[in-house]
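Scrolling down, you'll hit the structures one after another.
One chain, chain A, appears in both complexes that follow, with chain B as partner in the first and chain C in the second.
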Partner chain A sequence: MTDKLENRIVFWTFLSPIIFAFLMVVIIPFLIGAFYSFTNWSSAARANEVLEFVGFKNFTDSFADPSFNYSFILTIIYTVINMLAINITAFLLAIFVTSKLKFRNIYRVGFFIPNLIGGLILGYIWQFIFNNAIPSLGEIVPALSFLADPRKLILANRNSAVLALVAVGTWQYAGYIMMIYVAALESVPAELHEAARIDGANVGERIRHITIPMIAQAFTITMFLTLVQSFKQFDVNVSLTAGGPSAMFMGIPLFGTELLALNIYNTAFVKLNMAMAQAQAVIFFLVLIVISMIQVSVNKRKEVEM
Partner chain B sequence: MKRILTVLLILAVATTAFASGSQESDMSKDGGSVTLIQNKPEIDPQLQAYGALWAEKTGNEAIMKSVGGSSSITLGQQLRADYAAGEMPDIFIIAGIEDYKEWESLILDMSGEAWAKETSVAFKVDGKTVGCPVAVEGWGMAYNKDMLDKAGIDPASLTNYAAYKAAFEKLDGMKAELGVDSVVSMAAGPEMGWVTAHHNFNSLLSNGMAYGDQSAAQTLLDGKVDAKRLGEYADWVELLFMYADTAVLTTGNYDSQVGAFANSKAVFLHQGNWTDPNMAQANATFKMGFAPHGSMAADTDGIFVSAPSYYVINKESKNVETAKQFLNDLVFTAEGQNFMVNEAGMIPAFANVSLNPKGQLSKSVQEWSAKGKVYSWNQYLFSGDFRDQTLAPIYNQFANGAVDKAQFVELMTAAFQNR
Partner chain C sequence: MKISKHNIALELITALLFLAFLFPFFIVLINSAKDAFQITINPLGMPEDWSQIGRNIVGIWTNKNIRYPGSFQSSIIITVVSLLAITVLSSQAAWVLVRTKTKLSNMIFFIFVAAMVIPFQIVMFPLLSWFRTVHVVTGIKLLRTYFGMVLAYVGFGCSLSVFLYHGFIKSIPFELEEAAKIDGCNRFQTFYIIISPILRPIHATVMVLNGIWIWNDYLLPLLVLGKGNKIQTIPLAVANFAGAYVKQWDLILTAILMAMIPIVIFFLAAQKHIIKGMVAGSIK
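Take a look at the complex of A and B:
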């Protein structure tokens, strides 16, 4: 046996368990799921039901469903706001914790910790804050008395409930994104800043002309992570708002903060329409792939090589 | 060299498949085994204890599972996942005809079982008994008797809309005196669609009609709307929402809704007798009972009572006989009866059981049904999807003040017509 052959055998032998696992838990379920999206599958034991091929019916029905369309639009709006909120917060926090501060490692840990709390628990904690703690604050502080008005509860209003989702999402995820920015900021050579300072550049100019171009690679990653995270938001959505309060869309009342993932879940388990939910998941997957590929290629163009 | 690679790959695959396959082989032990899944997490510890006791006495294996509660997945979702995975339990729960249709081809005919002769509320389809009632439950307007006495209101007089309106107005003026935040504890938030679109909705379908009469529901199912009945019902919903605590109404969950009543912060509670354990937990010692709903101008002297859910047996299971024995033991042994009534606090649905539940609200339900003043549960004639996804947001809009009564009626009408 040649060395080359031996290498290849070792290579494939070590790779085979992971290929097998990948096939079994990702590729095959994905293909089965895509198959079901073209059928009338229900995962129930209804009388006289057989699996039938229905073509693109589940896809056309999905686009005719007001709640799916509404969730689609809402998710895009939510994603834009959430990406901005998380990235701006994380970037500012990163600059803050890389400056010459006392206890900066403690701050880093502190900002990162919310990311370690599960989304469901986090949602319930914040639900308590929005429904109980903030109104109580309004009762105590006269200047904030509007907070105690039960008609203006944050989670009782569609627009403020969406912003509440953004606030909680940011609180949870900004620390994680901050760590990526921290790593990138620390790799920016100090002599660039030094030279600029000698040339008379102030802090704002240095951030704009040195820091941001130098960490463009980090932006590609953070933008991608936050995009996918926002699009797939589910756990905080379930526990914080449960899709409520209701809102009117195309003359029909529906759940006002039901993001796409929750909408698909409800199609499957409340509407009990498994195949249609599967079709929606396929649409979701395709849209997410296209959007994230556009985002990555746009960001890539802005990166600079040292 | 390619052959070596293939052999290695096959080996790797085979070992993994073998390892994962061997887990399933030792599932059944000596003697029978029964797996039960039910939807009342609040009685899970008692159920586990009873399952263990039963297993010890009979030598069978008993696996008891509970799912549900306001946040976790529902029983229907769990069953679908189990069914898709080929792990359908031996005994599971259905709530009505819509659930029955979902699992029709799996459900065993139990007409010949001994317990079937002891109950009048079994789930029957085409004359066949297929569901064993879990318990009897009921809801009306739970009231705090002590506060009504203080206000000089006789709960027996609360039988129509006008009486409720007068009572609510009077109590609203006495809020400070009674120490309450609101007259009625009502919830219509996103998690509480089952209070509005299931329980309250049933007033529209069954109130004032003979037990088992489905005509009002059938008319709506046909897309025809009785404007007068719906109008009176909308008055009732408006009255409940108007005198409810806004925070509890729009964003409250089960705990805040029931808690307000249990802690004497509301005079009425729109819930059923399943809140008894919550009352005991909160040490609520005041006298309480159920009054009928006032959803009509005419008198409706009765509350909504039925078996909420039924045990059914999976006929494809290899443990059918053990499962049958489990259900009969539940009804006919002292341990089973003790579990049902004393431990789980349920109102027994079987004539041979002589124990009575301790909770005041459960007792009230028993009194109403002993008098025969009961109306049926017809909300299950509508699909869960229609109630949760179509009706619940309409109630929520009304509760949030986004639509007024006239628009509420319009939206409800449109919902029935476009169903």
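Take a look at the complex of A and C:
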């Protein structure tokens, strides 16, 4: 057997299984999906049903749909707050667990643990805390009696329910992002801090003028990860609030905490409008790409070369 | 003196934060040891009788609606088979892509990497109708089967995995493979005897990144396996159960506790590798 022939055989035997899986679940559905978004595809569609081409109708319908618009705006607000909350918490935790603490390794593990458990399960845990444990605290402690008022339940009010989503998102993800900051912080040479200390810089100044510029590259990654994670949030949304409570928007009542991913899912499986859900998913995809490209290029510009 | 005071304050703040972070798990634990009545009137107090936790666990284990033992088994099968397939297939694919320097191999690699930006939402509905079409045309059942589930995880997991392996394999000196060839290895043997063992750290990273995701995933099993199927994963079981037993927190919290125990034990056993793997995967 010649070398060239052997190389070709190995090339295709090694590559074809993964290409098969990749084509079957990513590439083909992606292409079909892009096509479906321009048709009248319905949930009853079968392999042999005739699809009709409807142009941009699904897209214009989506932008005319109050619940889609609402979810879109809500997701952007949620993403901004969530990104800030996760990154600030994670950065502070990272600063703490990289200082000379006695139990720092145990702390690191503890902060990381929520990350291991799926968002769906975490959402149920917190639903219990918000709906049962916190009101019970209000009954026990007289000063906190307002917590026991059933009308003031955290998940019963749209604004506080969104903040509850942020709290759970932060709790879930901050430990993971912290680990990335820890890896970055540990690579900053100690001499830099030593020199700054001799020059009389205090802790705050050292963090601002040495630590943050030195780990700018980590910020690019963590911001990107938290942006994508927040924008795609689905599991916690399903189990914590299931989209409720209701809110008014453009004159109609709709789900007050329904983020974009859940809205798309409901458009398809509750409202049974597959073609429109597909068009919304395409919009979701384009927006996510544009926003993350802007984010990465802005952050990249702030990185310093060492 | 000043420094040590500062450190005590920091130690204290971190310890408090640590307790606050683990508090929700504590809530789950104490309430898993209560019956339905106690949990409603006293969700914050310590349980009166810790042995209740045993009865609750047995209750969930034998509950015909959650089907915990079967779900646990399905979750293990799906996760283990998917991880094996992803590591073996992605590493060998990445290897030939690195060692074959042609336009075609560059293009294939580029498509794998570019696909990482495709969010699941855009492919999920067409995936279902495509799997249905495949069933109609070829008779191969992909929906509601292990095969379809594993295929889906391999397809969605391979982009990042091929990318990680590709980066690592580039740094392995080619002389190693030439030496193997002189010693009489063919290309298959070269990969399995020489290269794959070198890839061990990256195998671990790929397994951890994909393992945590696959074990916890909810949306993909919901779509591919569906509700009320014989095959269901743990997150699916918990969601179905919690949906059916709304507000029966004694049952739901015990089910949650039992869903968490395996992964937490696994994590504590392999903690260092897991953290290293997850961080390495995100930085590269």
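Couple of notes before you dig in:
The rule is simple: the second predicted complex is superposed on the first by the 280 of 306 C-alpha atoms of A that agree within 3 Å, B and C clash if a C-alpha of one lies under 4 Å from a C-alpha of the other, contacts with A are read in each partner's own complex, and residues count from 1 in each chain.
Following the convention adopted for this analysis, contacts are C-beta pairs under 8 Å (C-beta built on N, C-alpha and C of every residue); 3 or more make two chains touch, one makes a residue touch a chain.
Bear in mind that the values here come from a model prediction, so they are computed numbers and not experimental data.
Of the two partner chains, chain B and chain C are each touched by A:Ser239.
When both complexes are overlaid on chain A, the residue A:Val97 reaches chain C alone and has no touch with chain B. Once chain A of one complex is fitted onto chain A of the other, the partner contacts of A:Phe56 are absent, as it touches neither chain B nor chain C. Look at A:Val25: by the touch rule set out above, it reaches chain C but stays clear of chain B. When the two complexes are overlaid on their common chain A, residue A:Met274 makes contact with chain B and with chain C alike. Legend: residue contacts after superposition of the two complexes on their common chain; A:Pro17 is shown touching both chain B and chain C. Ranked by how many residues of chain A each touches, chain B and chain C are led by C.
Shared-chain residue A:Leu120: touches chain B and chain C both. In the superposition on the C-alpha atoms of chain A, the part of chain A touched by chain B in one complex and by chain C in the other spans residues 17, 45-47, 120, 124, 238-239, 274. Residues of chain C that touch chain A in their complex: 7, 10-11, 13-15, 17-18, 21-22, 24-25, 27-28, 31, 39-40, 42-44, 85, 89-90, 92-93, 95-97, 100, 105, 108, 111-112, 115, 117-127, 129-130, 132-134, 136-137, 151-152, 154-156, 158-159, 162, 186-188, 191, 212, 215-219, 235, 238-239, 242, 249, 252-253, 256, 259-260, 263-264, 267-268, 271, 275, 278-279, 282-283.
Those residues of chain A lying in contact with chain C across their complex are 6-7, 10-11, 14-15, 17-19, 21-30, 32-34, 36, 41, 45-47, 93, 96-97, 99-104, 106-122, 124-126, 128-129, 132-133, 136-137, 140, 171, 175-176, 179-180, 182-183, 218, 221, 225, 232, 234-235, 238-239, 261, 264-265, 268, 274, 277-278, 281-282, 284-285, 288-289, 292. Contacts from chain A toward chain B in the complex involve residues 1, 5, 8-9, 12-13, 16-17, 20, 43-49, 67, 120, 124, 130-131, 135, 150-151, 153, 155-157, 238-239, 241-248, 251, 253-255, 266, 269-272, 274. By the touch rule above, chain B contacts chain A in their complex via residues 1, 4-5, 8-9, 12-13, 16, 71, 73-74, 76-77, 80-81, 83-84, 101-106, 189-191, 245-247, 250-252, 383-385, 388-389, 392-394, 396-397, 400-403, 411, 414.
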